[in-house]
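Here come two complexes built around chain A, the first alongside chain B, the second alongside chain C.
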Partner chain A sequence: MSRSDAGADGGSDPDRVPSIARRVVAPFVDRSVAERLLISVAAILLSIVVGFVIVLISGRIAQCSTAAWTMPLTGLGFCYDPVEVYVVLFNGALGYPFAVGEPGLFDPNWTPFNLSFGLTLSETTLLIFTGLSVAVAFRAGLFNIGTQGQLVVGALATALTVLAAAPFLPEGPAAGVVLIVVGTLAGAVGGGFWGAIPGALKAYADANEVITTIMLNFIAANIAYVLVLEVFRAEGSSVVATRYVPEHAQYLPWFFPESSDFALLALLVGLGFIGGLYYLVEHTSFGYDLRTSGVQAAAAKYGGVNAKATTVRAMTLSGAVGGVGGSVWVLMSEGRWMASVPALGFDGITVSILAGNNPLGVLPAAFLFGILKGGALEIGFRTDVPTQLVGVLRGLIILFVAMPEFFRMAGRFMGMGSSGPGGPGGSASTAEETGDDSAAVGGGEADA
Partner chain B sequence: MNPAVHMDGITKRFPGVVANDDVDLAVERGSVHALLGENGAGKTTLMNVLYGLYEPTEGTVFLDGEPQSFDSPRDAIDAGVGMIHQHFMLVDPMTVWENVVLGNEPKTWGGLRVDEDAAREAVVDLSERYGFDVDPDARIEDVSVGVQQRVEILKALYRGADVLILDEPTAVLTPQEVEDLYDVFEELTDQGKTIIFISHKLGEALSAADEITVLRDGVNVGTVATDGVTREELAEMMVGREVLMDPATTPQEPGDRVLEVTDVRAEDDRGVEAVSGVSFEVRAGEVFGIAGVDGNGQSQLVEAITGMREATDGSVTYLGEPMAGASRREHIDRGMAFIPEDRQERGLVMSYDLTENGILGSQHDPPFASGGRLDWRASREHAESVIEQYDVRPPNADAEAESLSGGNQQKFIVGREFERDPDLVVAMHPTRGVDIGSTEFLHDRLLELRAEGKAVLLVSSKLDEVQGLSDRLAVIHEGEFTGVVDPATVTEEEIGLLMAGETLDDDSVEGAAVHDAATDPAGDAETDDDAGGEEVDA
Partner chain C sequence: MRNPLADVTIPILDDLIESDYVRSLIVGTVGVLGALLVFGALFPDSVAGDLSGIVFSSSTAASTSRLAAPIVLAGLGGIFAEKSGVINIGLEGLLIISAFASVYVASVVGIGNAVLGIPAIWVGFLAGVAASTALAGVFGVVCIEFKADQIIAGLAVWLIALGLAPFMSTVFFGGVNTPNLGARVSWRYSAVMVVVATFASWWALNRTAFGKHLRAAGENPKALDTVGVSVSKVRHAGVLLSGVLSGVGGSALALSIGQFVGSGETMVQGKGFIAIVAYLFGNYNPVGTLGAGVLFAGLDAVQIRLQQLGYAVPDTLVQTIPYVVVIVVLALVGRTRLPEAAGEHYETED
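What follows is the complex of A and B.
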């Protein structure tokens, strides 16, 4: 409610001086899908331009015996070659489809089933799940920062369930299929439970889900840590981790090298989730309720949507998807639960924002993240550029691509744009008195 | 002598829309000028240009023959143009004089302190000079809407306005307050001020203005002197075709009791009691009207009936079943259609297209959903049929709700709810913002529903609408019915008194009140054919 109220206040009162925030955000609010894609591409290019400059400056400051690149005419030497950095970043992430040293030439010996590309796809797969988790909650108007915790819980549930169930089944592919299915379900249940808690707190105690999910992240991490440390720790393990689940219960790498921690089947499962969630959101009654709650809570109530139930369901679903991400992390990447869970849930937030919270958009967004991850590793191998600098370049790309989407969402949150009632965008782009009418809602008219 | 205001060839374009197309407007000093037109005709845009909120795409504004170029309302105010918006911009806990000087306070102590005495005195002087009956020390929250409006006018005068623009000034007033406002107009023009007011109500323009300019689709259709024009001619200018003004109600015997409301109390969002014990019933084939100035508990009463809000006391019985504790969904499922007052907040999801909006409320029901799956094809066909029947423009099921004008949004909602095949239609301001032609159609459709034996609860602050369509008419004031009257015989003055919280002499109310209590459904025979009276307003 407060959201829409703010919109009506701000929108119907053009006298009020627009704050700087409004002015910054305004250009991004009403953009079509095509415009947003164009903005994203432009943002990547712009981030590369800025990254170029940063690489050059760092390369001038750093000490090295031979210059990697010399500026024509001036003869100034630089330790790092920015062109090389970006070529390796993108080319390397795919496993060098273009010949090294001769960029632009396709290497006929290249196959997609290489280590680097596997690493890229591994990261992509995991981020598909966490990105979807955040996106589903977002569509219901809920900011789930707790995907990380849901992933941790789901991962632990998967590992423990598979470890417990494995002895009862004979080894073999059939048992593997059963264990993976059971493990995935366990992850969904664990993560769903962890998501349902903030959902219920939001629905029945009016507790802000941003706060509760953040808190539950810490609780999840620490409970899981203590449980594994005290009860489920593998004997003789130097780290806090469970035993490995049996080999046959893990996703098989199929064509990719084992060390890439990537399984094509897991990616297919992820694609299935993208399609399934897209269908759920766009083509079911539940999805309609969920989306309507997200964009206009008052209209949802009018349309008979039970706000509380929808909140709990959306958070449970979001948590379940995050939990499946945890199960994939266990059954594809690690083979066991271990205490150092990567920040996949938090990256999922950025992936979701990048995707405009659209399940279909999660795929390219997660793939971009995967490329940056795989490419960063390659830069470390191939060049003298320090990993910290690569981190900066990665962050730049993410920042530049995510900001327009973020502004767009922030603008909607501030009640701007045409869907904010009577917002400045609305009154300008539609017929004259739409904004006027929203002012009349409180006023009314009594003819005499 | 130059006119006080001369807008010459004003064109204002927005992306995709020409709001004003080469509009000329000349207003003489010391006159009242009405800017008349339907919603979306470009009235407000034109005035926003004059007030410096918009820069015209083409054309020039002259004040007293001097060309002006306003960058902001501040420039317009400095040039002597003041605007009183539909929504007052007053600080409720502050007094009248504080509100008037706010932002332009006289200072003492080298600008550090507000010179309260001088400020108050200035406000008293102004108030006296124009014969405003305003207590300068009253708090805004304690005074009536009519007085608040005068404070807004005082604010503009205090800032040196010679030209006053009022946007739909009567929208929030009772009939008596409207009369007072006309007196204020007279006083102001006698002292040389110039008034332009925006309206889409013919009667108002005819009684208050010296000259009327009619806008249609952003174009100036013509400027006429008030003495030389009839309502019918004006209506035709506004709509562009001849309009039939009266909905034809035919007497009809009401059937079974559909809705029964007993001693209902309800609170508003702040927890203040807004409905204080209201009882009535609506029968099949009957239109029960509730009139009243907005904000007298109508919203909360309707919300309590439609399942949007929990009543704090009393009971609502629908089709013989108590509805206490029933969810909003159950209300929808049991065949209660509801046209909400705020179409952009509730009635429509602004970012959804019309196909999606067409199933709002029916998203779980066949034919639009089966087994939890939505049938978008059936939804689209439904939306297209509503669009066609109710003349929604543009006729495009893919258009987002936010891209439609207010009147077309309203038509779509009304169509969606009417086509639900309901037993009861709860219609709140069903024609608000809808142009005359479409209003006529919606009224006919409403009466068709009545003829089909549906029960209709009609809440509107448009007197002519509730009076013309209702079989029985209740007037609500501060959460209570001040009377239930026969709309065919009651006068506008009487309703005005009831709206202001007065009660009528026993004589005039008795018949209707007795009828209200009567259980005999045949008591409605007195409903008159020409209950519409003469109404023109959209």
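What follows is the complex of A and C.
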């Protein structure tokens, strides 16, 4: 790993010598992107290590008849096997492509079109939309915690619109395409409207968007619940939910098993959104306004950017993307709107933070959290470890991503202490190698 | 928009509260309750009669104080953290972790046993406070020493607690909900703790040197640094206090029922976020926070009683009221202003 070695060099003199890795990487990617990437990877590795310790400790405390794992040398028995947990988590989320404990690296019978991988990709698809929603607002310097509410409103708008429009169209693939397009638009309008409210409040009443979006999440959930409970509830339904939208208006699960709730087409739409938003943010004048008001609001204003309008537009766009996420949730996963909407919007915040708020970074980040979700189910099936472990890992990842300074300090320490970093120390050093510039990144984050 | 209630003078309160805004809130609340009492007494058979019967009944007082304790106490903690310049959005997580830890330790000690002469339930209470303070301490180190983004770190605190409490509950008890302890803390203790904490907080913030330092750390850290007081120490103290107060609130919530419920959003159910609402609504004044917290909790308690009496009140809509109120207040009055340096790191210049 030449990068880590270079990191150790950089660590010995972090202020002047540009590391080899940076010279190699810099021409290809924006430097701050590289830093974010390294910090994200280091954060993931560190949370895996902390999760390992948590599993170990709780495995010592929990009661069981036979030890699942015995610590080498000490002979201490543990109820949970911390290695197996991670093997099951990552291998299981993909449908066990790797043959563990058998000859050969790969299982020859594995196909990508299995149920577990479908569930993982289904979650990934939904998180792409919510992650993008948060990322777009973040780039404009707005912390949209309200993606959850925008998703709830968008999902309800989609379900009601498709249910209302379906009887006017003949059944068939053509009508299905029309209904999906109309439903997606309705979701975008609903979510965009719900996102425009905190945007306008921020722009014209100077109301802090963190507070208003948190409030609007609760309001959206409660109002949607009451609306469906009192008006739109499906007859004879035991849960609070609308009727199912017609089968032909849902995304078809092409190659994957139906129960995986995954449609390749929806993932492709998500990829299209990633590309589109990346282009919009990085290569258009609107994107330029967005980014400058995010980095330096006063300068943007001085440079002729209409700050108020940009704020409202950014929040509307963010809400609309969240609303499309809601429409995909209805048309791909559930087939209807139902209460107890999963916390996709909150997970979108974690996806966006891990992605460094870069639309392109949202794809791997969403995939990672998709794996955590898919893997959690497998942990529940195959091990005794409580699946809530995954929730802890998610929180830890976010905590560590939020503190780049820690990795810089750790990297400095490792750089001085040893020249051959390994394990989590190695990742800390890689964060360090580009560390002296990420102070600016950290500062920018604080302003946002 | 001139507030008509702002000019009403109240002898004792004027001394306690400088802000017109908070004073008018209190006058308004007392006025509404007074009018309700009068109408209820005049027309005992009407809705007003039922309502005033509910509002002034002791069972409503009990459930209000039970519901208000976590909101007000976490809100007071939020004031200390935010006044010092650290926005603590992780109050919800602190409530969750203390609610679980208090029940867990109380059940480990065993109801009926005592440690050093302290009954198990109060040992659990102290453990809840300790757990919340420890998590707040981690949050403080991450924000102040490692210069993390406060909002993101606060969210992480919430997410970690949201995962960790049900995880630990499953490890120890085999399910996300703990078994019921079979013992509980009376609501009177909660009520007393809330009132004492409110006035102690007010005194600490407004009448002590520590309170001055705290406000300076949030408004003008450079000035504080110049007079030789460590900004990071003051901020650590503010964050730790938010942990202590939230711990009292979370423990009181769980022990007033005798159980920790970990399914969904756990038994805390967004009370930490309502706490943020309460102290913003009270404009960072502890007395105002108490008023707002009791108001929100009281609304919920009255709504529960109304349902029991057979009035078809959509409970979900009543629960929405505090959130809508906050948005309207933020939009129209716009009184709440974050401390100048809140959310920013402070770098000592040696």
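A few notes on this one:
The rule we apply is simple: the second predicted complex is superposed on the first by the 348 of 448 C-alpha atoms of A that agree within 3 Å, B and C clash if a C-alpha of one lies under 4 Å from a C-alpha of the other, contacts with A are read in each partner's own complex, and residues count from 1 in each chain.
Keep in mind that, in the parts below, contacts are C-beta pairs under 8 Å (C-beta built on N, C-alpha and C of every residue); 3 or more make two chains touch, one makes a residue touch a chain.
What you see is a predicted model, and the numbers here were worked out from it, not measured in a lab.
By the touch criterion defined above, A:227 lies against neither chain B nor chain C after alignment on the C-alpha atoms of chain A.
When the two complexes are overlaid on their common chain A, residue A:306 makes contact with chain B while staying clear of chain C. Once the two complexes are laid over each other on the shared chain, residue contacts for A:288 go to chain B alone; chain C is not touched.
Contact with neither chain B nor chain C is seen for A:165 once the two complexes are overlaid on the shared chain. In the superposition on chain A, A:265 makes contact with neither chain B nor chain C. By the touch criterion defined above, A:50 reaches neither chain B nor chain C.
Across the superposed pair, chain B and chain C both touch chain A at residues 442-443, 445-446, 448. Residues 89, 142, 145-153, 155-164, 166-168, 170-172, 176, 264, 270, 273, 276-277, 280, 314, 316-317, 319-320, 323-324, 326-327, 330-332, 334, 336, 338, 343-345 of chain C are the ones touching chain A in the complex.
Across the interface of their complex, chain A is touched by residues 14-17, 19, 39-45, 48, 53, 73, 85-87, 89, 167-168, 170-175, 178-179, 201, 203-204, 218, 293-295, 308, 327-329, 331-333, 338, 340-352, 356, 359-361, 363-364, 369, 372-374, 376, 400, 402-406, 409, 429, 432-433, 461-465, 492, 496, 499, 537 of chain B. Listing the residues of chain A that touch chain C in their complex gives 54, 58, 61-62, 143, 145, 201, 205-208, 210-212, 214-216, 218-219, 222-223, 225-226, 229-230, 340, 346, 349-350, 353, 386, 388-396, 398-399, 401-403, 405-406, 409, 442-443, 445-446, 448. Interface residues of chain A, counted against chain B in their complex, comprise 4, 8, 12-15, 283-289, 292, 295-296, 298-306, 418-422, 426, 428-434, 436-448.
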